[in-house]
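Below you'll find a set of structures to go through.
Below are two complexes that have subunit A in common, paired first with subunit B and then with subunit C.
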Partner chain A sequence: ESHTQYERVGADVTMKCGSMDWDAAVTWTANGTDIDESHLNGSYLILKNVDLSQSGQYSCYEGSSWHLKYQTNLRVGTPPKEPVLMCRSNNYPKGFYCSWHLPTPTYIPNSFNISVIHGTKDMVCEKDAVPKNRCHIRYLQLFSTVKYKVTLTVTNPLGKNFTTLTFDEFAIVKPDPPESVVAKPVPNNPRRLEVSWQNPSSWPDPESFPLKFFLRYRPLILDQWQHVELSDGTSHTITDAYAGKEYIIQVAAKDNDIGTWSDWSVAVHATPWTEEPKHLTTEAQITETTSASTSSFMAPPTTKICDKGAVVGSGAMAVCWTAGLVVAAYSVLFI
Partner chain B sequence: MAAAESPSAALRRRDLCSRGIRLAGKMRADVVDLLDAYVEQQGLDASASVAAVEGVPLAAVERWDEQTGTQRLLENLAAYRAFRALLAQMLEEQREQLGEADAGLGRALAAVLLQVSAFAYHLEELLRLESRGIPGEEGDEEEDGPPPPPRLSLFEQKLRGLGVLRELAQWAVRSVRDLRQLAKPSPATGAASGLAESP
Partner chain C sequence: SPTGDSWGIFTFLCAALCNLPALPALNCSEELGAGQSIQQTYDLTRYLEHQLRTLAGTYLNYLGPPFNEPDFNPPRLVRAEPRVPSATVDLDLWRGLTDNARLAANYRAYSRLLCYLRLLDGQVGTAELRHRLAHFCASLQGLVLSIGGVMSSLGYPLPAGPAAPPAGPPGAPAAPNDFLKKMDDFWLLKELQTWLWRSAKDFNRLKKKVPPAVVTLRLEARGF
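And then the complex of A and B:
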């Protein structure tokens, strides 16, 4: 009969040829290839400091008759390191999901067990078929101040490990990014771009649980983003685009009241309408980078709107207001 | 089966709901700030678990989405009335403990208390709109009134205060959600989201 044997990387492994005596004459093979006698101690096979490449099928045959006396599948691996666990609600208020992975592979099969406790109550996290390392749970209560405690235990034949996450209902709310982001030029408007998007389809009830949005955009040739926070609506018109420049635009979403911002949506590109093919004189209009100081972080705590009206002359000047703090950026125009 | 709402009543309801949502939103922001100040001033650990204290209305609710409009209003009203009394008590305790030493915290507490009272009144308006009788307050029932709670130690008072403010912050979020449900136009058959007669 066949066995499976799990050993740690670096371990010394001794394999016995079933019930054969120590001094019996035997031949060992690894994956069908004869093993040199130097690895034998009598009829025992000795493998020192095993590594991953030594995993495989080991067979032992009686010397003269070539009867198969013993067979084992050697799997070299490691015990699990502490798993990485993440829980998130992208479908609030329906429920949340937890997903996990191991920071390094073990090279042998692992099993995961997850437990969720809400106060004193045990909850069942239903495992998803796909992806495998994920389970979901329905909220039985809403607006609870009692924290959830999720413990993930990973076990394999060489050991076990676990990690715990504790959080409250609001903290893990993070929608998926907005979908179907579209940016279009506006005819006869060289400085405008019309952006529209949709609520993420995973968000079950945007009417009762409205999302707010954060838009960021910049011309491809510059590094710094402009930001606009929008408390409702799924469209916005950019009115301070540099004429003729291709823009990159992204949108993020957040529940109006709780949780954190989604990841950025897929980026879309668009160029404002131009009357005729672009001439490269527009190069001269942009000599200094705009210095919107708040563009270094993703989600500002206060609304920040780039003032569309503050355009001076024919050049590129954008003024961004932040709750009373004025950050003015000037570009020098070359004629 | 509720009769179809008159257009003016529907408008008034939506107006009250949107104002209520703004009130609750502001209230929540102030409660969160107050919580931070409270934790710091009282020397508490922000992550301390506080066991549910008697008399503090819990925001946690099962089957929230199945509640009728009337249930939402009544539960909200009962909660904010309770918070009104609890905050008044906290303010009193605050004054006793510190006298004038911590006027800032006292002022913040008083400001939140004011908003809680205003919100409770706002809820009564919404109930009135639905020609619902407004339930009397607990204090009116002299014969069966609960005995005054035992005097808590200073530390117990502080923990209780933490519990009160935390639940109030949750309630403020819940109230916004409840009012949004209420603001939805109710179908003629008076389904769960509308202000149907309670069964």
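And then the complex of A and C:
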């Protein structure tokens, strides 16, 4: 006869050779390889402090005839730890979904059971085919005062565990990030970038449940983000970009009134329009001022003062340097 | 400061509206589209929702455990006559509400919620709590007025309601003991919170649907 046997990591396992007597002469194999007699106590196989590598097919043969007397598939694993459960409504007001996972693997098969209670009512959370470990529920009523209680139980041959989440309808609303984020330079505007995006496709009714958006952008060379919050519309023009610098831009969404912000969208990169060919002096002066400050309104004035054709003799240069010093002193205030 | 403004509003409102429901033609200083009034009403619900968070926290602490525990999730006791109007509604039904029905539901709900909140006022412990409640009631009265204003400007009749705050909750039996009375208070605050969340959505829908050309009278309500 053959069957499966589950044991905990670190346990001591004693395997009997079926119905054979203790003092019978037997040979044990593990995955086809003979096991040394030192592991035997009579005809019993003793495995102390088992580890994962000892999982496998164990067979016991009668000494002289080599008849197969017993076979077992040993699976070493752990009972489940408390599972991690998350519930979220990314398609309000249609419903919500819950997804779960185990914080550490058990190495043996687990089964999950999820229950959803709303007040006194039991609701069915329909399991998704893909991804696994996820189920969804449709709201029957909207604007409920009673909380939802979701209990997830995980069971395997070595034990069980569970976790519970209790929440209000409004608390779990979190849209998916905006889609199709596009950022383009604006012709003849060296400080502008036009950003546009779309509502996440999972949000079913943006007319009645409008989203608001949060845009963040920064030049790649700086760490600090600029932020803009937009209460409607799916586009925005950045008007204070540093000329010639590549920008990274992201957008997030939130229901206008309830819930939390989505994750940030996929980042897009864009560089404002520049005139061809670039002036080298302009480049150098911009680099100088951007490294001196993180404030956004620093760059152009210095450039203009020093760049115009009248840089002749030390007088004009003194004006240049003075302007630079004033700007540098001003920018120190903002560091 | 909120104190000065709220007492000013309170006095003004009390003087103007002892017995409801018809809106007097006050302060016709400007004419605005109904769209603007809806926006103002929407803004008011957001302000009240924010105010309620602080008020509810303070009041539930006054009620004490288990009411102030974040996990407190009691079953809803079914009363013969539901004490406060519930915001809960079937999704398709909510979507299909006419503008009139949508506004009327809000108007009725807040009128009654205001009545019950006022009943709390005389019973609560600290002066600070009484002050917060009074401030909130004044703002809530402003919301009722604002909704009434939108309805009138769109030509809808105001729903009939209690002419004056009732002596006791109409129809519903008084709670038999202290704990159940506290439960009533708990659910009152919960329903109020849910209504404010729902109203934001109601007024979003109304914003989209009301034609901007409708002209209305605007009440001069100072700095809510």
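Keep in mind that, in the parts below, the second predicted complex is superposed on the first by the 276 of 335 C-alpha atoms of A that agree within 3 Å, B and C clash if a C-alpha of one lies under 4 Å from a C-alpha of the other, contacts with A are read in each partner's own complex, and residues count from 1 in each chain.
Heads up, the rule we're going with is that contacts are C-beta pairs under 8 Å (C-beta built on N, C-alpha and C of every residue); 3 or more make two chains touch, one makes a residue touch a chain.
As the structure is a prediction and not an experimental result, all values here were calculated from the model.
A.B. asks: Using the superposition on subunit A, decide if subunit B and subunit C clash or fit.
C.D. replies: Pair status: clash.
A.B. asks: For the three-chain arrangement built by superposition, which of subunit B and subunit C touches the greater number of subunit A residues?
C.D. replies: If we count touched residues of subunit A for both partners, the winner is C.
A.B. asks: After the superposition on A, what does A:T120 contact: first (subunit B), second (subunit C), both or neither?
C.D. replies: After superposition on chain A, A:T120 lies in contact with subunit C alone.
A.B. asks: For A:L52, decide between first (touching subunit B), second (touching subunit C), both and neither.
C.D. replies: After superposition on chain A, A:L52 lies in contact with neither partner.
A.B. asks: Identify the partner contact of A:L220: answer first if only subunit B is touched, second if only subunit C is, both if each is, neither if none is.
C.D. replies: A:L220 sits against neither subunit B nor subunit C.
A.B. asks: Quick one: classify A:K149 as touching subunit B (first), subunit C (second), both or neither.
C.D. replies: Touch status of A:K149: second partner only.
A.B. asks: For A:E207, is the partner it touches subunit B (first), subunit C (second), both, or none of the two (neither)?
C.D. replies: both
A.B. asks: Where does A:F170 make contact in the superposed view: on subunit B (first), on subunit C (second), on both, or on neither?
C.D. replies: Both: A:F170 reaches subunit B and subunit C.
A.B. asks: Could you give the residue numbers on subunit A that contact subunit B in one complex and subunit C in the other?
C.D. replies: Correct list for subunit A: 93, 140-147, 170, 207-210, 257-258.
A.B. asks: Given the complex with subunit A, which residues does subunit B contribute to the contact?
C.D. replies: 25, 28, 49, 58-62, 64-65, 166-167, 170-171, 173-174, 176-177, 180-181, 184
A.B. asks: Which positions of subunit C touch subunit A when the two form their complex?
C.D. replies: The touching residues are 46, 71, 73, 75-76, 86-91, 94-95, 187, 190-191, 193-195, 197-198, 200-201, 204-205, 208.
A.B. asks: Which of the residues in subunit A end up touching subunit C in this complex?
C.D. replies: Within the complex, subunit A touches subunit C at residues 93, 119-120, 139-147, 149, 166, 170, 207-210, 256-258.
A.B. asks: Which residues of subunit A touch subunit B in their complex?
C.D. replies: Residue positions touching the partner: 93, 140-147, 170, 207-210, 257-258.
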